[in-house]
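Both of the next two complexes hold chain A, though its partner changes from chain B to chain C.
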Partner chain A sequence: MADGGTTEGKGIGARVLRKEDWRHLAGKAKFTGDFQRPGQKEMAFVRSEVAHARIVSVTKPAGFESSVFTAKDMPDMQPMRAPSKMPGYKGADYPALAIGKVRFVGEPVAVCIADTRAEAEDLAQATLVEFGELPAVVDMLAAKAGDAPLIHEDWGDNLVMETFADDDFGKIADRATVVVKREYRMARHAMNPMEGRAVFAEWDDRTDQLMMWTSTQVPHLIRTGLAQFLGLEQRQVRVIAPDVGGGFGCKALLQPEEVIAGWLTRHLEVPVRWIEDRREHLVTGANCREHHYFVTIHATPEGRILGLDCDVTIDAGAYSVYPFTNGLEGAMAHGNLPGPYDIEVYRCRTQTMTTNKPPLMPYRGVARPGVCYAMEMTIDALARDIGVEAHDIRTMSMVKQEQLPFMSIAKKHFDSGDYAKSVEMVVDMIGLDKIRSEQISANGEGRLVGVGMGSFVEQTAHGTSVFASWGVAMVPGYEQATVRLTPDGGLELRIGVQSHGQGMETSMAQMAYEVLGIDPSQVTVTHGDTGLTPYSTGTYASRSMVMAGGATARACRVLAERMEIIAAHLLQCERAEVTVRGGKIVSGKGEVSFAEIGRVWYLNPDELPDDVDQGGIEVTMGYRPEPDSGAFTYASHACKVAVDIDTGEVEVLDYAIVEDCGTMVNPMIVEGQTYGGATQGIGTALLEESTYDSFGNPGASTFADYMMPGATDAPHYRIDHMESPSPFTEYGIKGMGEGGTIPTPAAIGNAINDALKTIGAEVTETPFTPRRVRAAIAAANKNRQGDAA
Partner chain B sequence: MKSAKFDHQRAASLDDALKALGNADGEARIMGGGQSLGPMMNLRLAQPDLLIDISRVGGLDGIEVSGDVIRVGARVTHARVEDGEVPGVTGAYMQTVASGISYRSVRNRGTIGGSVAHADPSADWPSALLALGGDVVIAGQDGERRMPLDDFQVGPFATGLGFEEILTGFELPALSDSAKCGYYKVNRKPGEFADAIGAVVIGVSPRVVCGATEAAPFRVSVAEEKLAAGATEISVADARDMIAVHEPGFDDYDLQIHAVALSRAVGRAFA
Partner chain C sequence: MTELTLKINGEDVTADVETRLSLADFIRDHRRLTGTHLGCEHGVCGACTVLMNGEPVRSCITFAVVADGTEITTIEGFEDDDPMTLLRQAFHENHALQCGYCTPGMLVAARDIVTRLPDADEDRVRLELAGNLCRCTGYVGIVNAILSVIEKRRL
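Moving on, here comes the complex of A and B:
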């Protein structure tokens, strides 16, 4: 039995420096945009300039008709279709190139190819599209109106999907005498990975395959989708994700541009390439986070939350995306609104509306930053109303450690942890008492200081049972990993998930070290290639470390057993006397190196024992946690902000995080992921917004108008960890890639409202721009004057 | 996001550039550091037929003091100003302004002349130099002329520069040691374009500028009078009234942040 070897401390829990970083730091990484072939063509798109219109005509530039393609030229390219079995769900096929109608600004209408991107853009500029404009549905609430224009005429309304759970508030009426109601909005924005989307496609006649290098998180799903919508067999498609510069969810879906590139290279027999530019990303990638909430909390006079009543509206944009659909956001909102709280009564309606904006996609945290914001902001409003500290409401109302495992009111099966302790720790870290005394002394000096926090519990690595209940096109099952010992004793590890910034080439190698004791530097982790790795639904839902890590551990254990059989024979001892430890097979009689095992199996099989496992020293194993309802990470974030009451500007002065993602494989990576997530949360809270005018024209199409958080906006995060292993997963690991984004808008919003409480102002709409903060102050002043009069 | 086709001509001298400008068919644009025009061309918001590149033209990058005038060449980069190459009190004021422009790699290439000629109302130099006062030096087909900064910018992206003229530099006042300067910019993030600018220079007489508006930056005469009469601060509420006279189109928030910028710029001048 392998017991690995942790003497050098490179396994689970070690802060191993990331193996992949050298090539990034040296500028030697290879991204899709680095691929070049002689004779390749560059693609540029003619995109809709109006939000809602019939396409009357498309006039191609004279002399270049064969370089410009519309949907009519590509009759064998199927629209992307993402089914869902959720009750009442209305899915809208997403045509890669618009057919008959356009439904958002930026929707591809035609594709142009030329030797250079600039020339392709010249063709796009010279292609004339005549639109018959229709009234646009820009706002999700306006989309509900009975007389709202219809985006998909055959639906009869603009409702994609509704979830509803009712409950009897009479049960708590005599105890829950405090009722707090609020309305919130979270703005639409874009994900903005550092590398935009990118695709390079060529047909390989040798293998009779469409070869596609694409900047994706889910190469296997891209293959399945491409084959389906291009009419190919899946063996005819190989998808490779080379270095990928961030994804955050928008690369977990099949993109129109990928389907089009596949069609073009197949039919024109030339390699084609498309590199998304930032303007395309900001216009067509304005696809996430847009929610509206009415929240009512019912609580005791002391602040114990007993009931929650919500109406949630989600702006799903124009189409449904493959394979996750645009229905998951509503389902996730419904299931996560109650957060870590133990409440008795829950009523919730979610309505997912279609609008003339880009299709909604699942962004890091998926719906949870919105629901956490709505819930946690209302908790602080309750605290202000009844005059208690908000953290007391949290600790009093959270599911207790001794209740775990626990089925939440929204049917989430919480596994392990101590949620209230994370609150107590973060309150201590941020120095609440000290800030309270500063607030008194600093009163009236132009800048008001406030403190706020947000807590969440996050389902990660949820598997078959959860996705099957959503009935989407793909349901994750047993995640597989392949390990193969090389003839010189190195290890190849192949995983079907994809690492695009998470450092999995390191953390997966640490997992191999944990079992085999092989140095991470001797492990090559191959990922992101459908030709080389086991089928996987890919990287999303904070699942990779739990799922592919678990599979890696299992494959390594089987490999260890097989090596032990060979080693026992070479050492002429009993099987039970040998064990894999420290990258060798050891026994009382001596030791055998992995290189020796490799040599014997591959080159000198005459030395193998009769009982050798004929599967050799290459092992594929599958893994799924049991139950697979998810491992629940949780955290509490607290921050201190200063609000300039004259300008409405907000500065984050301090930021403290207490998180628990179960067993940490590499705490350095955990911290990096958390800081990155929280910085994106600061973007959501303070900066990022894809604005639209009343016609559906985007107002933020360059970084001059779209504010991204940068180094100057990220505070010096302070972090502390708790480690409550999940009882359901290998090594107790929980997923953690997304969590950093979740409580940040709530924590910052609460801190702003804490700062403004003396004025009586509250912000309720992200991003909390200076303009919105000033408007809140002005509204409060007006209220006060009204009261005085 | 690639530029439309254009001809590119690298001028060897000012005469060369002027000749190219005079002979151009269609739209010709002068490019210095290219930090504003470059992105606009890539977005195809600008599609000039001819780009006359003056980045190698000699004699446009000097900084000289002569008496009470400082001559600053059009091709002087923001970075050189940030690094303190402009001397004296004037230089210290300009250093503050330059260090807040975008980020260092933009400052390394972007030029003061390019910024003023481009005349983006949200950029720093059009407002900051208007507060200093002095002249713009302009070369044309018939020789050199001077135009007061007060008259130069006439609107957003619009100046008194003729189609066949090139901005070659500035003649700015060398402020005395007793002069006071303050500059305050309201923007969403460090380095972003301004949402509001207040610029105050109290030299021979006070000059107060409100910038980053939908139009050209303008001088706030009531504020100047108040400072001339000895005031050392202007409240936000007073600044709102003073600015509203000039810019009745502001909504409440825009009026507020421009008033804050003005008030704080005065505060910095007297700090």
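Moving on, here comes the complex of A and C:
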């Protein structure tokens, strides 16, 4: 039985520096845009300039007709279809190139190819599209109106999906005498990985395969989708994600450009390349986060939350995306609104509306930054109303440690932890008492200081049963990993998930070290290649470390058993006398190196015992947690802000995080993911917004008008950890890649409203820009004057 | 087409280029030095930062022909450069990169900071980094790495 590592500490819990760093530091990494082949063509797109229109005609530039393609030229390319079994769901097929109509600015209408991108862009510019403009539906609330224009005429309305759960508030009416109601909005964003999307495709005649290098988080899903929509068999498609420059969700879906590149290289028999530019990303990738909330909390006079009543509207854009659909966010909002709170009554309606904007995609945190913001902001509003500290409401109302495991009112199966303790710790870290006395002694001129927090519990690594209940096109099952001992005793580890910044080439090697004691430097982790790795639905939902890490551990354990059989024979001892430890097989009679095992199996099989496992020293094992309802990470964030009441400017002065993701495999990576997530949350809270005019024209198409968080916007984070292992996963690991984004808008919004409480102003719409903060202050002043008169 | 003569990473280069060609595309597509990355192509994100005659420039908004007669250093050209060697080690030790896409431009900018501002504190380092976007790290590791190199170079 393998007992893995030695005291050197490179396994679970060690801050192992990353194996993947050096190629990036040297400038020798290989991203999709770095691929180049002789004779390749560059792609550029003609995109819709209007939000909603019939395509009257497309006129190709004279002499270049064979270099410009519309949907009519590609009759065998199927629109992308993402089914869902969610009741009442209406998903619109997403044509890779528009057919008949366009439904958002930036929708691809035609593709042009040329030797250089500049020439391809020249062709795109010279292609004339005549649009028969139709009235656009730009706002999700306006989309509900009975006389709203229809985006998909055959639907009869603009409703993608509705979820509804009613409850009897009479049950708590005599105790829940305090009722607080608020309205919130979260703005539309773009995810903005620093590498935009990119694809390089060529047909390999030798293997009769479409070879596609693409910047994706989900290579196996891309293969499945490409085959389906291009009319190929899946064995004819190989998808490789080389170095990928961030994803955050927008690369977890099949993209129109990938389907089109596949069609072009197959039919034209030349390699093709497309590299998204930032303007394309900001226009076509404005696809996430846009929610609207009415939230009502019912509580006791002391602030114990008993009931929650919500109406949620989600702006899902124009089409349904493969494979996750544009309905997932509604289901997620419904299931996550009550957060870590133990409430008695929950009523919630979510309405997912189609609009003339890019299709909604799941951005890091998926619905939870929105629901956490709506819930946590309302909790602080309640605290201000009844005159208590908001953290007391939280600790009083949260599910208690001794209640776990616990089925929440929204049917989430919480596994382990102490939610209230994370609140107490973060209140202590931020120095609440000191800030309160600072507020009292401040003279109130110019800058007001405020403190706020946000807490969440996050389902991670949820598996088969959860996705099957959503009825989406792909349901994750047993995640697999393959380990193979090389003839010289090194280890090859192959995983179907994809690492694009998460450091899995290191953390998965740590997992192998944990079981086998093999130094991470002797482990090669291969990922992101459908030709080399087991099928996987890929990297999303904070699942990779739990799922692929768990599979890696199991495969390593079977490998250890097989090596032990060979080693016992070589040492002429009983199987029970040998064990894998510290990267070799040891017994009282001596030891055998992994290299010796490799030599015997591959090169000198005459030395093998009769009872050797004929599967050899290559093992594939599958893993899924049991139950697969998810490992629940949680955290509390608190921050201190200063609000300039004249300019409306908000400065984050301090930011404290207490998080619990169960057993940490590499705390350095955990912290890096958390800081990065929180900084994206600061973007959500203070900066990022994809604006539209009333015609559906995007107003933020460069980094000059779409504000990204820079080094001066990010605070000097302070972080502390709790470690409550999940009882349901290998080593108690929980997923943690997304959590940093979730409570940040709530924490910052609450801090701003705390600063503004003496004025009676509240911000309720992200991002909390100087303009919105000033408007909130002006509205409060106007109210007061109204009261005085 | 315009003839262009320059030095890239110490090597003499002569080429005929279109006047509209950017320095970044010249470096990446013509010279195959793909360590220089394009993040926005409008001069904001800093991923494409290279040195021109020792000064950081945005190669995405610099025409290749403007580089005529200059010396360009890309991320591939710092092999024996002491500040860069320190920075690379510090970025590694401080987890200053995740996806690695902003890293080459970030390192070139960081080299400029540590050599030009030997007394910079955290606030100043953050201010100097305002022209380089990173979507992954929250800047924590990057700032710590740069500060550690400034400290080391003081000794």
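FYI, the second predicted complex is superposed on the first by the 787 of 789 C-alpha atoms of A that agree within 3 Å, B and C clash if a C-alpha of one lies under 4 Å from a C-alpha of the other, contacts with A are read in each partner's own complex, and residues count from 1 in each chain.
Here, contacts are C-beta pairs under 8 Å (C-beta built on N, C-alpha and C of every residue); 3 or more make two chains touch, one makes a residue touch a chain.
Source: prediction; values computed, not measured.
In the superposition on chain A, A:M707 contacts chain B only, with no contact to chain C.
Which of chain B and chain C touches more residues of chain A: that partner is C. In the superposition on chain A, contact of A:L687 is made with chain B only, not with chain C.
In the superposition on chain A, contact of A:T647 is made with chain B only, not with chain C. In the superposition on chain A, A:N158 makes contact with neither chain B nor chain C. When the two complexes are overlaid on their common chain A, residue A:R774 makes contact with chain B while staying clear of chain C.
Of the two partner chains, chain C is the only one that A:M668 touches; chain B does not reach it. When both complexes are overlaid on chain A, the residue A:T533 reaches neither chain B nor chain C. With both structures placed on the common chain, the touch criterion links A:A118 to chain B and to chain C. In the superposed model, A:T460 makes contact with neither chain B nor chain C.
116, 118, 277-279, 702, 704, 710, 712 are the residues of chain A that lie in the contact sets of both chain B and chain C, per the superposition on chain A. Touching chain A in their complex are the following residues of chain B: 1-5, 39, 43-44, 186, 188-193, 195, 236, 252-253, 256-257, 260. Taken in their complex, chain C has these residues touching chain A: 18, 20-21, 28-29, 32-42, 44-45, 47, 74-76, 88, 91-93, 95, 97-104, 107, 122, 125-127, 129-130, 132-143.
Against chain C, in their complex, chain A makes its touches with residues 17-18, 20-31, 33-34, 36, 116, 118, 192-196, 243-246, 248, 275, 277-279, 500-503, 668-669, 671-673, 675-680, 702-704, 708, 710-712, 714, 716-717, 740. Chain A meets chain B in the complex at residues 116-118, 121-122, 125, 277-280, 646-649, 687, 702, 704, 707, 710, 712-713, 769-771, 774-775, 778.
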